[in-house]
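Alright, structures below, take your time with them.
Presented sequentially are two complexes of chain A, the first with chain B as partner and the second with chain C.
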Partner chain A sequence: MSSRIKNRQRRDFLRGSLTMIPAITLGSGVTLTAQAAEPAPNLSDYQPAFFSDEEWSFLLAACDRLIPGESEGKGPGALDTNVPVFIDRQMDSPYGHAERWYMQGPFVLDGSPDLGFQYPYTPRDVYQKGIAMTQAYCQQQYGKRFETLDNDTRDTVLKALEANDIDFASLGESQKLEASEFFASLLENTKEGYLADPIHGGNKNMAAWKMVGFPGARASYRDWVDQHNVDYPLGPVSLTGERG
Partner chain B sequence: MAKQQPRVDAVIVGLGWTGSIMGMELTEAGLNVLALERGADRTNEDFAYPKPADELEYGIRHTMMQKPKQAAVTIRRDLEERALPQRKLGAFLPGDGVGGAGAHWTGVLIRPTPTDLQLKSFADQAFGKGVLQDDMQIQDFGVTWDELEPHFTFFEKVCGQSGTTGNLNGEIQEGGDPFEGPRSEPYPLPALQDTQNTEMFDKAARQLGYHPFPNPSANVSEAWTNPYGMQLGPCNYCGFCSRYGCLNYSKASPQTCILNALKQRSNFAYRTNANVTRVELAQDGKTATGVTYIDEHGEEVFQPADMVILASYSLNNVRLMLNSGIGKPYDPVARTGTVGRNYAYQIGGGIHMYFDDIEFNPFATAGATGRMFNDFSPGNFDSAPYGFIGGAKMHSSQASGTPIKTPLPKSAPKWGQGYKDALQQRYGHHMKLSMTGSVMSYRSNMLDLDPTWKDPYGMPLLRMTFDWKQNEHRLSAFMRDRLREIADVLKPDYRDESFNLEGSHFKVTSYVSTHNVGGAVMGTDPSTSAINRYLQSWDVHNVFVPGGNAFPQNFQANPTDLIGALTYWSAKKIREEYLKNPGPLMSA
Partner chain C sequence: MASQASQASQAFSADDDTVERGAYLARAGDCVACHSTEDGKSFAGGLAIESPFGTIYSTNITPDKEHGIGNYTEAEFAAALREGKRADGANLYPAMPYPSYARLTDDDVHALYTYFMEGVAPVADNAPETDLSFPFNQRWGITAWNWLFADADTFTPDTSADAKIERGRYLVEGLGHCGSCHTPRGLAQQEKGLDDGSDSYLSGADLNDWWAPSLRGGDGGDGRGIEGWSAPEIAEYLKTGRNVHATVGGEMTSVVAHSTSHLTDEDLTGIALYLKSLPANPAGEKATTSDQRREASEKTDAHLTAAKDLSEGERLYLDNCSACHLNDGKGAERVFPAIDGNSLVNADNPTGLIHTILAGATPPATPAIPAQLPMPGFGWRLSDDEVATLATFVRGAWGNDGDAVTADQVDKVRKTLKPSALNRAPDANGSLNHEDRDTQ
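This part shows the complex of A and B:
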């Protein structure tokens, strides 16, 4: 059985089991047993559930620049740790659907940015629109798709997004979604996927935790708390009991 | 017509700390009590290991918090700005479900000082005319230290408060807070263990002549059986406390301290997913007849009751009063009305310090772990020359070492290899010096109903008008200078700082504090308070409103100890006087 098929089956299992349990245990409680049986997939075998193939190519290329792998320096990268898998899975979580947010109109888009998020968009919408407009910009500017640019040019585009130097309105955006907002979501989710428990799909093999020295879900340090300024000796454990 | 349930003696809206305490007290008085909780049920089983040890789920996605979808707040900074809804949580994180914010709080359980309770009287005596802002509306609480002391003591026993006594019946004790009000009994349990940062802070603060003491904690240091027979286990310093349910029965919460005892009483019942939309009033408007709520099937239900306790989060208590026509809404121009008046908050700031060669192991910690000193609370220093009133708790706390929230220097690259390098270099090598400051009340910092946006049941959202004022900017600048002196002693390899100084405005986009107080404040004058000193509505005598909403302004410490003590104080008056002779407990 290919792992792509297994992934599909696992997602189906998760969806099936979600309908059978009370709402309060949604989240880590459910995925606990489902995930424990299966090792993290290889990124190259993973079939995204939310992103189209074209969007996925962008996401891989962008994540690889936001947290590059060992080729650029010490420490695992976003692709080594399955960060794009994490983001894809988040898109089908309450977060991706903005399920807990207040999404009633009217949507007032000319208020102070200090009053916070006001778009009529879920994170799913932000990714789809943000990726499409970034690609349109790359076509205009370089005649190429983002993922076919060299690393330096990719960084130039990401910096332009970050600094809000790409005008999304001129690329067809009607609700004032700004390039810097899209970039902020992408960067925030990338870091989350890198550093969250592997149960959510990223931080494969707890590699990011090993890098920084975070012991994960051990959650018991009564014997350790009074030992000051000493390196903690044990590696991390995950919510599923995986040890690193 | 709404479905109707059988009448109860008392209905409690919200089953967090205040609702649980009132449930205990009123059932003990023999009343038939029903609590209605708008969120889901939550028991200790929901917090079984390893479930809470999930930063993404609880620390980042806020799974235990209120969902803006159900109850957003609209926010503006002044009376002219158009308020916009806080569509996703940011500046503050109220709780949701049984236990409320009491299930996911950090567990710092500290008393205000006697001066904090009588701040207006203190101001009149210590500040000359014209020193303080003229739009300030500070007031005394209307209750004194001596009246509340037994209730602090009892609530602290319910929680297994851990710490070091500083003032026992007027005798100053070594190692505690010499500025605390006199306690009638020592802390129930000794302080939590120190960590690397608390040792360093303690030493530097003493060197500068301050009086540091361990953060008073409701994460228990040793096994504890409370007055209700509920048992807490010694904290294991798991590092998942603030924003998480406790996986070790160590953090005081309604679940660990009250609810399993309360649920055994045959005259207590509760319903979850029961969202109270308004209190119903009798025709003369002088008494409540019960509450209307939307049940889990979306059906409207009328629950008749002889007494209504609004025990929801402070903001929602105010909203329920406004949506029910209890009391007169505050008008900031005419300065009339009281409901929504004197909304206040908490101001923070701090210095991040990084030490290349020191391991702080920030993951091995209790939520309340830290040291603080109280040398800069009102009455303990002279702030008049600096042009502000109020104070700050100065501390170094280490609530958690979860990695997504790793603090990094402002100068560190936000992404790329530089970000990865910074994470490796800085994780576990950071400690913070913090000020947690008081916020006074002002004419235009207030709550009312939003004219535009509504909740899913068609009820208007609450509108908050709030901004930092000059007084708080000055306080921040003063405290910053003191914290810089501590940082100078500690000599970090790198430091940066963040304070709300002159010109800065309130922002909802990042976390500030969940110490939202005021809006339905207590007092002895019905023209400046919505509830009397027993937390009883001046206008509708069978409605009581315990919670942070009762604070006429905020002090420099955490609110839960005072909220618990005020609730017991109110319950005592209800039991001893109100039930025998229902009516106004104070004459207007």
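This part shows the complex of A and C:
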């Protein structure tokens, strides 16, 4: 539970810094919501392009534990902000296909971390294998799929992944992909989807930016260099032109 | 073909200086702009020129004997240039600026003829035939038009005037044919004035919906536009496509790229001094003073900088434009053009401004400034309503006084856009956009 408390504290800190910035005030109470050409989809309507339905259920359940929604945290959660959509879209990007990585051997697992990623797997492979083995573990341990476990048990499983306490090799992993590697990718991508520009599919309605008070991609803040001790009055703007 | 070319060069006894001078004059006349297509060979013609009467195709003016003008005598060449007469006696359409070229001296016509016969490679391609509908396909009708409107004489310098200004006048009235775009046209599409004897001459005109601003740079007006530019600033604009006030856009981009950026500093100075010698359009009743404009500019600047109680137009400007054009609307000298006081922004017809917001703009690569830092298009990012709101704001902000823009106007312009790298949404999936760069 300590990690949840830490997360809570972190979010409280982020929210705390937000309270110093008054709620976004706009002239004559006009809501300046942009008419984005393609509004962000509802998560429930979204058809994943890469993940299978079963993998998708895992991803939703896992992201929901990494950044829980309003009921548990005090800010928007990963599911409120379409983080799984971000991850699904990334799987079809050059990143998902490891297009720009050196993917030939030798793969030196005991080398220095400077050598970088050392598996013959693309991020797509890491997700597919990681999810399959985590599900196999949950079946073995609890006789259930991950997404049907209660929240505390899901957290236990995720922590075991993070601590590398789940032995992927015994679950059939041949290339020595470790549970902690999979967890690290999942956590990293979840954070990215939460905080990246909505143009990439996550951070729906710039909710994460609004929570932390980040003003987004306004390209230049030169006019604020000389304005000391003045609250920044503008809401965020996305690369898509969406305004908040 | 090779033997013909060598015969031609023998006949002209290889006068390199004359060929070179002719090449320079062809630059000054910007012949290549109309007599070539974007991907075609120089001077082989075929460019579709939209006119109020239909599409006119430019002709092949390479020295090819069959497809070009290789059989033209110098006298026939001169008649085409100055009177709009084809070698077979038919009239050229006045898309060819012969009413302006009529000013050319015999000496310059000779140099141009020599260049086109000796310095230009013959191209054996047929340019498409112009095929206007009745009555505009009746070329004989142009004879009357010519009698009425194309009456300029060969240029004779006024020896009592400043020689530099006279040189500029010759270039502006003649080869430069600046009036073709910058002089308003009358009912018969004739330019209302072919020289500074007319107050309409170079007083600004709508060119296919883009505003070609007044070039009358002297005193007596409201002090905006070119009236506020010094002669060196005008020369710099023509040489590089940029100066402290503006960056070239629209059709003028090609003029700077192909023509004016290749002219000598002396000629550009002459042109600039001549334009500054033309009395400005008289200030209208609603004209603002420069003090009023300065005050209004400071007000907008301060309001945008405080960023409180913003209208939607102001917010759109801050979110999309101000990083480059800045809160003071002045941009950055020679890099980001000023919006405050910009003639395109303030034009009665907002089409040019809307087009620039939607599709972006790329300045020309000139010998003096080869770099082309483009403005991206915002069409993929802003809706018609948003563009209208933004355009309305910039037309009324600072010292500007343009009318409001409607979403319908934006929609009309949007429908004319061709897809380009500048108005496409970035690929959020991480492509490095190599293709985009290739197609720019």
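Everything that follows uses one rule, which is that the second predicted complex is superposed on the first by the 200 of 244 C-alpha atoms of A that agree within 3 Å, B and C clash if a C-alpha of one lies under 4 Å from a C-alpha of the other, contacts with A are read in each partner's own complex, and residues count from 1 in each chain.
What we mean here is this: a residue touches a chain if its C-beta (ideal position, glycine included) is under 8 Å from a C-beta of that chain, and two chains touch if they have at least 3 such contacts.
It should be emphasised that the depicted structure is a prediction, and the values quoted were computed from it without experimental measurement.
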First, second, both or neither for A:Asn229, with chain B first and chain C second: first
First, second, both or neither for A:Arg243, with chain B first and chain C second: second
Broader residue contact with chain A after superposition on the shared chain, chain B or chain C: B
Chain B versus chain C as contact partner of A:Tyr102, first or second or both or neither: first
Which superposed partner A:Arg89 touches (first chain B, second chain C, both, neither): second
Chain B versus chain C as contact partner of A:Ser220, first or second or both or neither: both
First (chain B), second (chain C), both or neither touched by A:Ile199: both
On chain A, positions contacted by chain B and by chain C: 25, 27-28, 32, 93-95, 197, 199-200, 218-220, 222, 232, 239
Complex contact set, residues of chain A against chain C: 25-28, 30, 32, 34-35, 37, 89, 92-95, 197, 199-201, 218-220, 222-223, 227, 232-234, 237, 239-241, 243
Residue ranges of chain A in contact with chain B within the complex: 22-25, 27-29, 32, 65-68, 72-75, 77, 93-95, 98-104, 106, 108, 111-118, 155, 158, 162, 187, 190-192, 195-197, 199-200, 208-209, 211-222, 224-226, 228-232, 239
Of chain C, residues touching chain A in the complex: 304-312, 315-316, 318-320, 322-324, 326-327, 378, 380-383, 385-386, 425-426, 428-431
Chain B residues within the chain A interface of the complex: 40-42, 46, 49-57, 60-63, 67-69, 72, 75-77, 81-88, 90, 97, 193-196, 199, 234-240, 247, 358-361, 363-365, 401-404, 406, 414-417, 419-421, 423-424, 427-428, 452-454, 505-509
